[in-house]
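Just passing along the structure, written as structure tokens.
Letters A, B, C and D mark the chains in the order given here, with residues in each chain numbered from 1 onward.
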Amino acid sequence: MERNVRLKVIGSVSLIVVLLVTMLVTACAPKSAGEEPIKIGLLANKTGGLAAYGYSHEKVAIAAVDQLNAEGGIAGRSVELYVEDDESKPSVGATKFRKLVENNGVDFVLDSNSSGVAVACCPIAKELNTIYFPCSSATEISGDKGNRYIFQACTNVREECKGAAKFAVDNIGKKWVTVVVDYSWGQANEEAFTTYVTQNGGTVLASIRVPLGTSNWLPYLKGKIPADAEAVYFANFGSDFLCFLRDLYAVRPDIEKLGAVYAISARDPAELGAPAEGLYCLTSYPTRLAGLDTPGNKEYRDIIGVNSDGLEIGTDKYFVLAYDWAVWEPIFALKAAIEKSGWTSKADNPALIETLEGMHFEAGVKFPQGDMYYRAADHATIAGIYVEQIVNGELTVAAAVPASEVVYTSLVDRTKEPF
Amino acid sequence: MPSIDVSTLLFLLSDGLLWGFTIALVALGLSLIFGVMGIVNMAHGDIYMVGAVLALYVLEWTGNFWLSIIIVPVVIGLLCVPTERFVLRPFEGRPAVTMIATVGIAYIIQQVVLATFGGMHEKMPNPWPVVINLFDVGYSGYRVLIAVISVVIIIGLWFFLYKTSYGILIRASIQDKEMANAMGINSNKIAMATFALGGALAAIGGVLAAPVTQVFYLMGADVILLCFIIVIVGGLGSLKGTLIAALMFCTLQGGMSIILTPVEAKVAIFVIMILVLLFRPRGMFAK
Amino acid sequence: MKLLETAGLTKNFGGLVAVDEVNFAVEKGELKGIIGPNGAGKTTFFNLITGSLKPTRGKVSLNGEDISGLPPHLISRKGISRTFQITNIFPEMTVYESVWAGVNSRAKQPWNPFIHAGAATDISRKTKEICQMVGLDSKMGELSTNLSHGDQRVLEIAIALSTEPILLLLDEPTQGVSPKEIDTMISVVRKVSEVAAVVLIEHNMDIVLELSDNITVLENGRTVTEGSPSEISANREVQKIFLGIE
Amino acid sequence: MPFKDSGQGLRTASSGFREFKSRMSNKQTPFVMLAVAVVVILIGPFLPPGLRSLVIEIMILCIFAMGYDILLGFTDQCSLGQSIFFGTGAYGVVLAISYLNANLWLALIIAVIASIVLAFLTGLIAVRLSEAYFVIITAIFFSIFYLLSLSMSWLTGGDDGISITVPSLSLGFTELSLYNPLVNYYFAFFFLIISYLILTRVVGSPLGKVFISIRENSERTKFLGYNVFRYKLIAFILAGLFAGLSGALYAIRLRYGSADFFSFDWSVLPIVWVLIGGTGTLIGPCIGVVIMSLFQYYVSAWWAQYLIIVGVLIIVILRVSPKGIVGYIRSRKGKVKEKG
């Protein structure tokens, strides 16, 4: 027994030694001489609860950087992408954010789909003088939880609900019930939708909050939805959404349904069957090309390898498209702003931030989602949103809500914040 | 107290009871592995998950869901044998070490499934889309069917353990390993069989539950704590206790949500479990 | 006033009456023997006195104070200490550490988190004394599991002694001890009885008769008889129980 | 079914107490620790920033791991609920700073006291049970806290969490800002050293010895006159205190607190650290933290599924030595000493 015990110990000890060596090597890798590349870090959710979304965000970011380098990079400098996995956990996300900036020396950081990670990284971005484009929809990121170094890259919950409320009351129904998953994203959707529906003359009869990871929604729906409710606004996704849809259909097959952004992302509408017939769902980016048939969008989808129906070319699996544009567009926004402000290093961050504040971008291959701008006051992305509907198993865009109807008065004024 | 209309209450109680049978399957598997063998199997939820994932693959390859009820438990049972033989065998008798070893196994299973199956929530189509009227609700017939299948499997398990000679060998050698060895029973082989049986039960639970809970590589987390509570509140080593605790837990969860908000219902059930543990420290039916 | 006295002490497990109305008394400095066939309720009797089991009926009093039903640690604080029929020591602690644990329980602040354990010199001194007294001082650094069975039984007594008891309950100390180690065991018990009153459960009749001042005979949970060693060995009842002579 | 290694295992495996005997004779260990401390202090300014952040995090989590070893390694209580105190410590600081705008020391004190009180209350209920029942009741407790913190987002910010601006650290004569990495480095190191000294003293003290005798044979310890329930409760509160302190420092380091601090991971990780590193020692858990952090920090960039390697490593280490790495080294050293 003695001999193979020693073998096993040597095995595990040498593994640790190898680790320590790589630690030192990567820590002080010599800076490459010559023209200094611009380094962009990506905080992707490659594992954990949002693993599927991390996969698509990483693929889109790589495609964007390759496209950028093919067009000569930014201000003549090539762009390098560093990807780190935040495991969909705020503590790991914050650690990896520091690693990207301190260890890999990135100049900008993009994305984390998890609001928890984004909120955790906001103070660190300011501390490390790094401009950060979180791709999560918590409204506070453009409010009291963000700061002047933060540009929320995607539409936030308040914008989405404001835009949807008018359409919902006019076209779907007056008496609503909200059913959300009981964590921050769900609660934010409930509160925002309720305020804006009442503003538009509708009423919310009941607000139901269901704990995370519930596979049986019947106990929370049966007898809880008032008989006179005409429609349900729901905020859940993944397995929660699939179970919710089936159980809601069992309790109230007739009721109209409007889902929050993300609810049906990467979901084959035909597969959802009868319960999903007529279902409306918000989205900031139409799944099918037909919903946003512009040459820029067509080229964007070709570059990231997605066909006109939203399937990934090669695997023929549904690709998570909902917020990919919010990973793609900031890279090109950075190119425009850096070249406009003459940014060369982090020392010029204030100038770059001031340039980005209020900067407008026209729709095209670089901004496939449509015209947008970063509002100077709270650095929120002001862009239009869309309402998709499943009509006999097909996804069609029922309405395009222009940016003007999405805008809400800013909660803070970043321009007055010191750097 | 808000007025409770009886039909809703009855509906929720029966829905909870039906769901309780499937959860009981998974819990019985854990009861065998943890309650009887003393292995604190933190990977039990992930074996349940692999059962659901394999069911999806079987559906894709053979186009028939019902085959997976036979194929998947056998495949996972066979996978459990080497796991017990090479990984867990030396740790038996040391619960804390088995807990960490199975946490290691859980990490491996989760990440392998993530790497192969992917991180997407996949929908498992309902294999028996019949709708029956249960207290004027269009209730999915499939949920009643899996309850029936679970009952059949539980009776089969009872028959196997308490009536067949091999079953008696398992129960004997688990309760008193030294005595069983003294009587010539190869307790190592029995331990492998028991662990495989426990894993197979979790896998069947996964297969049956997949169309209800859908398939996601972290779905095991929703079940692992639930099963441990059920096994312990039911009474360590008592399969009967586990079955009753599973049914009680799920029915209670259904009923509670009639008066409490969803989060309060879950918290209330946890509090009830704590009270049960305080007044019956050895669980309800502990030997 | 008796050191220890039980009045009508009874314990039944469901239908089985393990200990039935036992009246038993021990004087200060006395060495009392208890003998009886297996299942006579001897160990259960000890468990009742030391708080492992709660009596169904009856009273246990120490120096007149009623201690029936108290938890084991309080009864130990009162000065009753015991050894176990099945060796119940600290396997992966050394002899020194095991005895030290008992001595420390009587320190002013056994829970003191500040001073270094070695700094409590009086505890170390007492520990060494007890080890010398039972003859284990040469093996103080030895892990308890590595001791011979005989030494482990001696360690049982040493651990029981470490809490400076006024009454020591010895549950078959010579059980499983090899013949050549029995003499050391007898001398240890004799030395111990100088320090505290002893109640000795023992199967080996020669030892009981040789050591005990007074002997009680138990059978089926009841006291059959009580008396001096000579009376007991002559008693026909006892011979019937032990030697099966009709 | 006690959680201690009651199996045959490595008979010569060292127990914490034996170290007491050996430390009595060799004075070498404190010098080794002093040397390590001096090295850590000196290399602080020269560490590359990325590595320094990793070392800060490792130092903070070591406090959590050492505190947990008092529970698992010294009194054989395997709790699955330590994330309650980690989260309480974190929220103690975050809420104290954002709602009471307390200064740093006050926030830390509030966090630690909240953890102690909570450990006392949950301990009163949980410590009554033993073995598997203790594991499950602590698991139920943390689930309750996790659920509540998720849904009471008006107070806790839910899983989005609350970010804070860390007030400056007033040392009486100067005001230091924790945003300076070096200050943060020595701030974390200061608490690591204090925690290590306190725990070493506790482990070496009579209290520590009683813990060990409870671990070895809690039944017999009762008969020696120790109120085992009270000692187990003290151990539970101690572990809760250090978990709270570690949670508070972690929240200060992250400038953020969220419901994620109550999650299942923060209950399982300490067990992995302690069992990989080695139960019954104080250095062992720290080694466990170093290994897991290195894997999460470096290996995950090459291969997102690095946990597979961690899973294999856990099983290999447990197969080689159920007492973890330190246990193995010590038993090898033990064998050599006996032969030599």
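We take it that a residue touches a chain if its C-beta (ideal position, glycine included) is under 8 Å from a C-beta of that chain, and two chains touch if they have at least 3 such contacts.
Computed from a predicted structure; not experimentally measured.
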Identify the chains adjacent to both subunit A and subunit B in the sense defined at the top. D
If you average the CA coordinates per chain, which chain's centre is most distant from that of subunit D? C
If you average the Cα atoms of subunit A and of subunit D to get two centres, how far apart are those centres in Å? 35
Whole-Å distance, subunit B centre to subunit D centre, using C-alpha means? 32
Please tell me the distance, in whole Å, between the geometric centres of subunit A and subunit C computed from their C-alpha atoms. 73
Whole-Å separation of chain centres (CA-atom averages), subunit B against subunit C: 48
Residues of subunit B that touch two or more other chains sit at 111, 114, 221, 263, 266
Two or more other chains are touched by the subunit A residues 47, 182, 209, 211
Multi-chain contact sites of subunit C, meaning residues that touch two or more partners: none
With touch defined as at the top, which chains are paired up in contact here? A-B, A-D, B-D, C-D
List the residues on subunit C that touch subunit D in their complex, please. 50, 71-73, 76-77, 81-82, 84, 88-94, 96-98, 100-102, 104-107, 109-118, 120, 123, 141, 143, 145-146, 159, 162-163
Show me the residue ranges of subunit B that touch subunit D in the complex, using the header's touch definition. 34, 38, 40, 42, 87, 90-97, 99-101, 103-108, 110-112, 114-115, 221, 225, 228-229, 232, 236, 263, 266-267, 270-271, 273-274, 277-278, 281-283
Residue numbers on subunit A that touch subunit B, as the complex places them: 47-52, 54-55, 182, 208-211, 213-216, 218-220, 222-223, 237-239, 241-243, 246, 249-251, 253, 266-268, 271-272, 317-318, 320
Considering only the defined contacts, which subunit B positions touch subunit A in the complex? 5, 8, 11-12, 15-16, 19, 111, 114, 118-121, 123, 125-126, 131, 137-140, 209, 212-219, 221-222, 253-254, 257-258, 261-263, 265-266
Which stretch or stretches of subunit A touch subunit D in the complex? 5, 8-9, 11-12, 15-16, 19-20, 22-23, 26-28, 46-47, 83-85, 87, 89-92, 94-95, 98-99, 102-104, 115-116, 119-120, 122-124, 127, 138, 140, 145, 182-185, 187, 209, 211-212
